[in-house]
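Every chain is named by a letter (A, B, C and D) in the order it is written, and numbering of its residues begins at 1.
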């Protein structure tokens, strides 16, 4: 057996969590309390198994696969099993250097999240749901079939919905529904786009893996390959007009997921209400689904449309970047601020994409990865803050450095990482985005004023993070009382599992900040491959920029 | 492109260990932080390891030794352009220029050594070690620091790592990276007393203000990258590459360098980004000494000095003179402004802070002038011009060196004073908790007449002040004269430069005044209060670095004689190659005091008159005075004190009118600049962001909510059509029948 | 496709062909007889001799068991269902039953069989789970004795269920519009009574009355349409109507007649504006009955529409679009939007499900609309009939899986209803705490209704959208490969129906999720904290629905193929 | 013999009256009568068409339709009775607990 994806990475966590949940839901309250610990241990072990597999894949232990040098639209561990033959649906999985870092990230965050939220209430159901979340997320990243991709895309909503609804804050009812409906709305439009794309295939000369009933296929590698073919008139198979429509429809789904301004308002609500574990996975991996999807589908399939919408993407990216940052500055809720900072960081990804530069894309990919490590830490800090001080207001607790040095240090570290301190993971992506953006602007003769936004954001980001730290970590000497929300209880520091999780996240933030090439080299390779395999052949001939 | 170039010549085995200069402190950071977290409060940790101080010390010592080895290797003739060890391909990526291929791009890390590097390297590693020693004496004896010194030492060594890394890095990118790490450490150290709101806001202010500069720096770097396709010094300083860039985009290059200069302005606390530096004195004194006087603020200067090859490039001849002027002008403005504010400061450290700003501004002016000269003179071919350019550049670097040494010393000395005043206060009031009520140990109001009580400190302070003032033959004199002379030399060429030239000349007098004022108020006269009268001598950890630095400052005459200004500026002049020391000194003195050019001859004496006579004279007239009866200063300080007493008696005048003038008020309020900034932050930025946040919830999310509530009310309306009466249902069936029939019939 | 066997009634092969219906007939007789078995005697007139004839009198113990009728009905419907399945597994023969005069009466083929599957499946599940729903003496009951129903009332209920099934299967089989109408009326009358069955409650009778009176008007209009068509064509045979329509279909008489007939069927599928009585009926009826209305009854109406629109008023192959295209498109758009909007604010879960049922009718109408445009692009004739088949497949698939999750949802409500009402959303409160698996089942039904993968509802919606898009895009793929450049405007406008449909699905999530939130978030209502009423039958039925929903969702290929086969067997005219 | 067209016209009139009456009258019984009117309109049309086409099937349809109408009345009256039992009215406007 060399299919290391289907059962080990996707099937196993999903099945395990369903079995655990089914088992738990047949027990009574007290039994469930007793089961919490064994189940927690079990899910931790399961998630560590997943991490072992993906890490083993990185070190070429499983499958002896190199993540560099995979030419565009080729995949490692590629396996297809017929699923719904009549419609051309296959269970087809595979990874390339685009998806592998995301899969690793998911498997990495899963145990970390479990550790960070070690004492979450109703553990017997909580931990299996986390596991299911992980399985669904991995499913999104390894899917190489449009149908399968969409199924997992939506499947991720369900565990997250329950995480928010069952373990969330006071307003969780509203937030969980908003999260679900908002992202679902966008993705059904995307679904229509996918289906329309599906029918822009030639049933007379069906592609490989075509369904018996429809004569078309959902297979992504095949479609991607097909989209690049020239027809008898020398036009691209997918004409520029239809590319634009499909691009826009697909992008809507991804932009909402990312999220980009003005489709972002579900995010702060979801984050503020979500439990720590939910936030960590939501910010860490789920947002990246949007960026991943952009690369996997619209960009790989509709290069013409990408070129056409370049300016629009740039504008949306810039607006997200700037708007998110400025809104952060006006927040009084710690978690909301962090949530908006995610919006801002996702803007970096969009701007990176809009540069149409390998460097910009590599920056976007690395930002996905780096933000995937940093933002869970941000939310772990927020969660710990909430958990220990029963409040989320900036300023509710001052002088944290004195009362809770561990939490203060973690917060300081996470904040600094997020504001793009060099030698921490986020910086590399930011500087690369800057260079790529400038290079693009200079080469195309676009106005320099495009730089004002990102430049402003650098300063504003520092401002809101520092300002919030001033009002939480600093100040408040002996005369300052602990927050009233503690009701006179002694001020606690974070618990040991939380410390461990923070240390792990901090360690990897540093590792990928100091040695970005570990992940960046394969991402860079992917961007070069897509440029040489797709962008240059398609756009290179008549590049006139925008 | 430079990409993944591999090493060329390796001079000595151990040179491969040069990265350890950076890595050792960095690792020490983690070790101290971790051990401190774990063993905090443990007696062994506290007493024997000085809460990490004695871990940092050997590490900094090792860094210094490695640095010295590197420097000696360089002085032996290592040209330093090549990389010392195999470059790390840090980031590999690619760009697309619209053609049919992509180009690969790489950002690597390596070490680059040249004359500017070694000078800064020595300054940084030497001062870091001394301040480490000082810190052990200063930090560990203050109960307020108990059980948190590990944080200090950890952040301190990380800072050192950043500084050394910035100096050694072989590209602007890594310069920037280490630059930011220094910024972080500066932030953490200023906020060391995090519980004080003033420290918290000072830390934030420092980080934010420098961050604004950094943003421009980053954009400048990005632009520079786009011009050269690399940020490696080896590439961007390559004559051929510069020629290529000069052909097409000299203007863009000037913009790029200009933006980078804004970064330097922020880091070196120049107008208008100077506001953070005085506030940064909230940090512990070693921090002020290290970061905000001796090293970090030099980073900006280092960056500007690094740009010299562009200005000196033949291909860019005359293209960058505007930028050179701006650099000089910013320096000029800051020099006068900071000095003026220093006039009215009562806080010992604040005076030094403004002095730092002012002196850094001198260096900027000097660099600006040197760059103007390099950019406009034909110095590659004309040996006279070459000499002029080199001396101008060298003088600026020399002033950097002198100022770093002197200011480091001054801060340490001031720290020692504050430390002892603080102790005396405690002692006197039998205060066992460390609440300082209203007593301000840093205020000169609480000092006076300390010369006899703290002889070493007073001496150090005296020498340091003299160096800063540019008293003839001492320390900064050599470099300062050079800067003033060059400013005027340029002003002869280009009338724009009259402004900075006037500024530096005026600044000389002002420096003379405020430095004298500070020394006199602290050490001369009678103790201002009971506390000052009870101050005792300091401990050995504090004395040692003061001792060493006093000698270094005094010995700058030797450095001058060794041709520092020449070899620090250009590799063509090697260390000690020209003349022997005595000849060198005589030459320099002749150059300074008996210049053949009558203009510069007069200028020298004007400057000396202003800086050494007018400034101190006025200060003595106002603040001079004898020590208290029975107190005796050391012999070498006695003349100064007596002189001051005499001048005070003879020329004392009433300056109340000035003190009550609006100008003095403005100066006390730092010319209201901070206030305007705060207002702008509060009203514009904070106000705007609140509005935007409101817009986010009201407009964007409001739209979503409106859609939701709109569909809900639409739902209510739709459901209200289901009236419950079967008659209406039948009516709808009838209507539907009609519509369907008409539609089908009509379409057909 | 297998060849058609033509037989006359009561000749060889008739029994085999109509075995499910005969099973139903037998079951109906049993339902009438068995519960009446007793110690009844017949006194020979003029004598005192009493001959036991086993009817009436004191019932035997077994025949007085109030669950007996339910068992009989369940077994009857179940075996009819299994019979159809068995027929499917044996491979289908097309059997056409004609009258002696040669008129086509009933046609047994894949198309009609799959509808029988829907009808019998839905009714069997409803009957089986009603065993707990209609209270019976002493079994799992917390309700006082006087509220319990006796076994004769039970028998009535189940007889109506079986007659309903019988009527529906006639609709599925009919080849003559009037036969179809008779079947429709048989089923309708049964459902009228079933809806009004709770005559002890105000809402029960009210819903029955409304459903009856509006339904009667609709079928009156329909019958009048029938008469117009008869006047025009001289026959109500589908084959004749279709042939005549192709010749002279564009005159007023047939067009208005078709419009009138559509009203009759439109009511059954609860298309706007004929849906008004549906929410009231669903809300007042017992949940299993409402479930039947929402699934089987709707499928029955859909047969009528398919027969009328696709067979009689077939889209002409010459210029492609059918006469009713705009009309049906508008109706589809209005129906799905109306249903979803109305459901959005509904606090009564049953009304909500009713409106959602209206919305689903809209989706199906959209699919039918697409079939009407099947041949809009003359250049793509080759693949177009396949496109039409694809849409029909989607329609059938949707109707089949709807039984699983829509009826399932009603069955979950029925448990709550037997506890004391399910007419407020809050009555679902805390279901996750009270019976987690039931809440999970309801959750699965809800997201399936919303069309969230990987549930069957998603697959059905996907198929419908795929069908519509396929028609809209036509064979552009091949066109493109020949060098054309196409844009959105080159597609047929039915594509916008697909867009409207996905937007509507997004709206629908809102109210489906609200149910989930109430179940998992809210506390139980006052006095409802305890365990739910017992009863394994309804839970088994729900389990069956859940399994179908999930399994079809993740592995629906065989069902798709089955539906495709059925769709192909529809005797299109093109 | 009367031209079947006249019968058709009459039946159309009856249908319109029936349909119009169905949504204008409140009393359920009268509405039921209107429905019967509609059904009978259809019957007449069937009969007329049967005559017109000379097709006996039309008469069969009529017979079945009459049967349908009869059972409809039976069911309707039974339901109305039950409604009256609960609501004590059979006015369509007043039986409106279920709405929205």
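Rule of thumb we're sticking to: a residue touches a chain if its C-beta (ideal position, glycine included) is under 8 Å from a C-beta of that chain, and two chains touch if they have at least 3 such contacts.
Given the structure is predicted, the values throughout are model-derived calculations rather than measurements.
Listed here as common contacts of chain A and chain D: B, C. For the pairs B-D and A-B, the larger set of C-beta contacts lies at A-B. A comparison of C-alpha centroids places A closest to the centre of the full protein. Mean C-alpha positions place chain B and chain D at a centre distance of 98 Å.
In whole angstrom, the spacing between the mean C-alpha positions of chain A and chain B is 39.
With centres set at the average Cα position, the gap from chain C to chain D is 26 Å.
The mean-CA centres of chain B and chain C are about 80 angstrom from one another, to the nearest whole unit. Residues of chain D in contact with at least two other chains: 19, 22, 28, 31, 92, 95-100. In chain C, the residues that touch at least two other chains are 209-210, 213, 217, 221, 279-280, 346, 510.
Those chain pairs judged to touch are A-B, A-C, B-C, B-D, C-D. In the complex of the two chains, the chain A residues touching chain C come out as 25-26, 83-87, 89, 147, 150-151, 154-155, 157-158, 161-162, 165-166, 172-173, 176-177, 180-181, 184-185, 188-189, 191-192, 195-196, 198-205, 213-216, 231-235, 237-242, 244-245. Residues of chain D that touch chain B in their complex: 19-20, 22-26, 28, 31, 92-93, 95-100. Interface residues of chain B, counted against chain C in their complex, comprise 708, 711-712, 714-716, 718-719, 721-722, 724, 726, 728-730, 732-737, 739-741, 743-745, 747-748.
The touching residues of chain B, counted against chain D in their complex, run 719-720, 722-728, 730-731, 733-734, 737. The touching residues of chain D, when paired with chain C in their complex, are 8, 11, 15, 18-19, 22, 28, 31-32, 35, 38-39, 41-43, 45-46, 48-49, 52-53, 55, 57-58, 61, 64-65, 68, 71-72, 75-76, 78-80, 82-83, 85-87, 90, 92, 95-100.
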